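Chain nomenclature is as follows: A, B, C and D, assigned in order of appearance, with residue numbering initiated at 1 for each chain independently.
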Amino acid sequence: MATKSGRTIAHVKERSLKDLLLRWESLLVLIFIAVNIMNASFSPYYLDAYNLFTSINGFLVKGMIALPMAYILLLGDIDLSVGGNVCLSATVLGIVYNATNNIWLGIAACLATGILCGALNGLILTKFTELAPMIVTLATNILFRGLSERILGDGSTGGMQSIDWFSKLYYGRVGPVPYMFIVFCVMAVVFGLVMHKTVFGRQMYAIGENKRAAAYAGIKVEKIRMFVFTLTGFICGFAAVFYCACLGSVKSNVAEGFDLEAISMCVLGGISTAGGKGTFLGAIIAIFIIGLLRYGLGLINLSGQTIRIVIGALLIAVVLFPTIRDLIKNRKAKK
Amino acid sequence: MKNKLLQKNSKLSELFRSREASLLLVMILLCALIQWRSNGAFLSNIVITQLTQNYAYTAVLAFGMLLVLLIGGIDISIGAILALSGMTGSLLMRDGFLPNATSVYAVSIAVGLLCGLVIGLIVAKGKVIPIIATLGMQYIFRGLTYAISDTKWVSSDQMLASYKNFAQGSFLGINNLFWIVIIVFIAMIVFLRWTSFGRQIYAAGSNPEAVKISGINLDRVKIIVYSINGAIAGLAGAMYTSMYATAQGNMASGAEMDVIAACVIGGVSLNGGQGTPLGVLLGAITIAIISKSLSLVGIDAFWQQALKGGIILLAVLVNVLVQRRNNRKALEGREI
Amino acid sequence: MKKLIALLLAVLMAFSLVACADAPAGGDGDVTYAIVCKDASNPYMSRMVSGFKTACEALGVKCIEKSPETTSVDDQITIVNELVAQNVKAIAIAANDAAALEATLKAARDKGVAVVTLDSDTKGSQMFINQAGVTQVAQVLVDSVYDMTGGEGEFAVLSASSTATNQNSWIAAMKTIIEGDAKYAKLKWVETVYGDDESQKSTDETQNLMTKYPNLEVICCPTTVGVLACAQTVQNTEGCKIKVAGLGLPSEMKDYVGDDKVCPYMYLWNPIDVGSCAAYAIDAILDGKVGEVGTKFTAENETEYEVMAGDPADQQIIVGPPFAFNGDNIADWATVY
Amino acid sequence: MDQPILELRGITKIFPGVKALDQVQFDLRPGEIHALMGENGAGKSTFIKVIMGVHQAEEGEMLLNGKPVHFKNTREAQKAGIAAIYQHVTSYPHLTVAENIFTGHLKVRFGIVQWKAMYEEADRLLQELSADFDSHALMGNLSVAQQQMVEIAKALSLNAKIIIMDEPTAALTKRESEELYRIALKLRDEGVAIIFISHRFEDMYALASRVTVFRDAHYIGTYDVDGITNADLIKAMVGREINELFPKPEVEIGEEILRVENLCRTGYFKDVSFAVNKGEIVGLTGLVGARRTEVVQTIFGAEKLTSGKIYLEGKEVKIKCPSDAMKLGIGLLPENRQIEGLILDWGIGQNITLTELKKYVRGLFINEKLEHITSKDLAEQVDTKAVSIFDKASSLSGGNQQKVVVAKALGSDFKVLILDEPTKGVDVGAKAAIYEIMGELAKEGYAIIMISSEMPEILGMSDRIIVMCEGRVTGELSREEATQEKILELAMAKHIAAAEERKVQTGEE
């Protein structure tokens, strides 16, 4: 069309081993391996498959919530209300089950509650775009938990575990592998493929990088945000079902701190809270790093507070990684 | 010329339209409602004294958070810093290293300052996003609090009488803790309005890119701001332990959320560059009134949390709607 | 780059070495008992742990202590799983929920681990080491309210959080007692409030009770954390005549207990004994000394306990009646726990 | 000849992977205005930042009044009497004008900021510049031209002996530019030496006595403005000759494609009506504040329409968001490329395919191979100067960024293309290429709306010209009848009317 200079542009990416090694995920894989070696060498009980899967099951409810949280962070948003949402959804499951004696109704109500809570967040944030997601979800978190407290008062609700198959959702296994682990893996694959291989995923990246440019490229920014917040709500409800299967009894203080835990997992996985950056693989590895590190340190009976310090230090050390890497790169470039 | 006249005239109306004014209005309405519902018990000398004493530390924390939010940062570790510094001061006092109340306060502030400095360095030099840096440090500070205290408490009888009495004492009829709030408030006004460093903080939040080429050392601003915020959290730690005459590992966990809510209600923007100490003071008082009065007006204990969340949400939404209305009015007034 | 990786690995290794050095080796043929608390920062719990530990030493077994950060039942499930994975022989747990641990504890028992509960009971436990019967505790609380009000007047209850199982059951029992006996007809229970075991909230709630009910005579706090904040607030309020009743640790409450102070007397049982008793009970269970209801075992100081039917645990023993602390004995007990 | 007040020799600046400056030199004499020219990406902005101490040069030396100096940061440069006005206005929107003027050197006594003295001094400086706003105004409420004036006041407040202006006229209208010339000449007469960076030849002719040219991080030469021809200068800048600047092809104009009637947006514009036909290029022009951009943003659905109707090929359409507009075949190339047009951190390939990702979906997923090949083709079609489609958009110069935006639009099936200031911040070489592409598009049957503030561009490219003034359409001119004077008259219609009204009023009194 225009006066051609005859310049050609390469469309195949050069892949160098060095670039691969300098990726965030490589660091995570290294840490993951290190954590496992460490755990296995310091505790003879670590590599017992049955117990290992028991412990994995223990953090998978949080892990499930970390999946849509990755989307939320990718969009440059944040959701501090997931803990409250899980709590309220689980409460509704228990209450409806006890009122109707029908577990299916309970599950349906639980999922509906999760969706409603997520949609509420989404609605407020997309109708009032000038509001910071942090403050809105902070308030709705208090609201959701508060509603659960209103419903339950000083009591609790439960009895779902008496249904054998329901209890098996959490406790059931194929060989040593829990059903829930399989469910989680399927979810992780789906979430990962959507994030990296589909139009929707690419659009989320675009929104996280630059909302205005995304809108000008014809992406329905607010629709996608609304959908992702609602999806997060749905996954909260979904996770709440497994959570109920695990606990069998719900009080208004369950699932406390799930929000920051899920965010920590994503952040360690390289999904920046500033939006638009990170890969799903990173988040998945990070879920297992945090979970297994906790388990390993628990097996050698470190106190909870020491484990907390180790995890905080790990998080800080890893997020400092890019700065250190650039520092080294620059020094080399100057030479 | 026309422009100038317009501006002069609108000074007064601008005052009425400011966020502070609308917040004040909401506060007055809220107080009136509570006064009515509590059969006149709310606006009594005693309740106001209790309010100022019990929420003094939250207000002080909010001023520190104001600085951080002004430069476009955030600090969700202040609850943990409060605990660590308050615990350190109390432990040293218990073991007899500190002779008087002043030294306990000094130690707590120093510990807080140190914590803040670490965060500042990570954010400024390590180029880590503030929310992530403080999320990680929060785990560390809280963990350290348990570790140094061996998960034990420091109890009332292990504390100096002068330390405990300070929090209960008053001067000119105003509780000592609230005096601290007043002093920090005035110091903030002077600092932010009348010192060149204070103005640099506003500049840094208003346009961080511009700051880099205007001769202001952005990293230095960040480090100092986080350090001041840490020191203030340390001060709040001492206030907390002297007020409640006990130091516990889990104290003030989740305080950061109330503090951020207070700032946002007070008109501080999470994007930086906007917010005033007066707004923050009003925001902190609003949050205190909500927390304090819900049970006072006889609202069922199980409703309180849900209501608190609802009210915070409502306050934020109303603020946006008022702001939108103002903008629309301004646009409609424009001549085309 | 290689250097960086090497450095990181080295740091990780160093971390783990340090970590390893602190940790007691969990097993290798040794017999290990574990105790799991409600949360890490509760002095009452740490007294219980110390009793358990001492008893373990006396019995010649190893002891692991673990606590979640907050009173969350999730973390307790994780902890129990970690303990089971280490092949501990027995777990004593102060449950954060009356039902939610059932499946986890059952799984532990299926693996041959002895499970007892102490302080707070839960489904799935073999034996509940009951510090004092629920009715017994409720009775002494009601009686102290009755005594402090002089038989009639207004009183309020300041509890921990609405999710605290123990507190809830005591409060429920208090209600039954008051409603069931004409003796208490003139006591007026004005409100139950929750201080969430936080200093600020407890102080607020106490102050609000004073404002709302000018004729309030007694505040009853069945929580060791709440009673402290409550007593402190009442003492700091000039001209306040309210008395504080409840359950409190002598060491924390030393300043406030006495005839002329805000809390004339209060109750508690010895948490050290509770912990110690749990260890002996485990020992007896593993030895097969106890089984059926009615069998007996001896614990520290030759004290003999009889196994009774439990609910929701299979069985229970009751350590002893609540003990009253007053101005005369508080100073002595403050040094003990 | 005077000794240079500022002299730089052999300056080299390296960024990771790129040599931004390679052995460049420059000298500035007292009381002269020295133009610095070069294509985007030639290294001018980096050069300024090296002088100001924002960046540290790897090699070379800088002499101030014959003495070697080395600034570690901007403050040191300012203390030495050098001030810079940057390309993108670097103001603080939430602060007052006075404070913006004094940022970095607030008037402080005993550690206390002297607000009163500052406002007085600021007002004095603004008066000197004949500004029409006062120092209490909030910076965020000012127009770009007014903000520029604040930047100049800032330089004056520093008592600078050397002022560097980086593309100060880029965002200004002709009238505003002339005001700037007046100020610059006044400063020169007062003995201030000025380094003036610009793309516009008219700036250079109006002001400078000498001109230095950079190209691709190298120093090319320094010339007397009177002694060099236009063509030679362009050759020096782009390294080749550009013959025809406005290659407007003759296209037969077809049926009406887009028509808007009585568009209104409260507070911005009112009663805007016009139409554009197949194969036609309609120029939309006016002074800053005419709200041309707001009109097209509204048509595109990026902003909310208060009232009015939009017809596409004769049928009324409702456009609520950009994706509606794009589905209907309306494309917008926004003025603010860096914020609205591109995702700077992404490769150019992904940028190009973003709008039409669905085209590359095979099955459930995006076929990346197909995506890469298509985006490569599109990028080559507009002759983007890049090594690979994985180059980050931020690494390209302004002109090449604009080409990527064009390539992005080419990937979609649009009928109407709206180009908002398509050559703003684009260097001469790329400009010609963009005009050429525009011509080709018109030939292919696109209906084109082009917003521009540059008179030659408007006159050279448009078939029809619509002029706006303060939110209203004030006139429409055909290609034949349009002249610079007529356009200006329409663009200032409301100003003139206001002035006359004032005259009448004073007459009555």
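Here is the rule we go by: a residue touches a chain if its C-beta (ideal position, glycine included) is under 8 Å from a C-beta of that chain, and two chains touch if they have at least 3 such contacts.
What you see is a predicted model; the values in this text were computed from it and never measured.
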Any chain in contact with chain C as well as chain D
A, B
Which chain's C-alpha centroid is most distant from that of chain B?
D
Go through A-C and B-C and name the pair with more C-beta contacts between its chains.
A-C
Rounded to the nearest Å, the gap separating the Cα centres of chain B and chain C is 35
I'd like the Å distance between the centres of chain A and chain B, where a centre is the mean of that chain's Cα atoms.
30
How many angstrom lie between the centres of chain B and chain D, each centre taken as the mean Cα position?
42
Multi-partner residues of chain A (each touching 2 or more other chains):
149, 152-154, 303-306, 308
Multi-chain contact sites of chain B, meaning residues that touch two or more partners
146, 151, 249, 302
Chains grouped in pairs wherever the two touch, ordered by label
A-B, A-C, A-D, B-C, B-D
Given the complex with chain B, which residues does chain D contribute to the contact?
49, 52, 54, 73-75, 78, 84, 86, 88, 90-95, 99, 103-106, 108, 111-113, 115, 132-134, 136-137, 266-270, 470-472
Spell out the residues on chain C that touch chain B in their complex, using ranges where they run on.
39-41, 43, 46, 67, 69-70, 162, 192-194, 198-200, 203-205, 207-208, 211-212, 228-229, 232, 236, 251-252, 254-256, 334
Per the touch rule above, chain A residues touching chain B in the complex are 78, 124, 128, 130-132, 134-136, 138-147, 149-150, 152-154, 260, 263-264, 267, 272-274, 303-309, 311-313, 315-316, 319-320, 322-323
Using the touch rule from the top, collect the residues of chain A that touch chain D in their complex.
1-5, 7-13, 193, 197-199, 202-203, 206, 209-210, 212-220, 276, 329-330, 333-334
Residue ranges of chain C in contact with chain A within the complex:
1, 4-5, 8-9, 11-13, 15-16, 19-20, 22-24, 26-28, 40, 64, 66-75, 77-79, 81-82, 84-87, 97-100, 102-103, 107, 159, 161-163, 168, 171
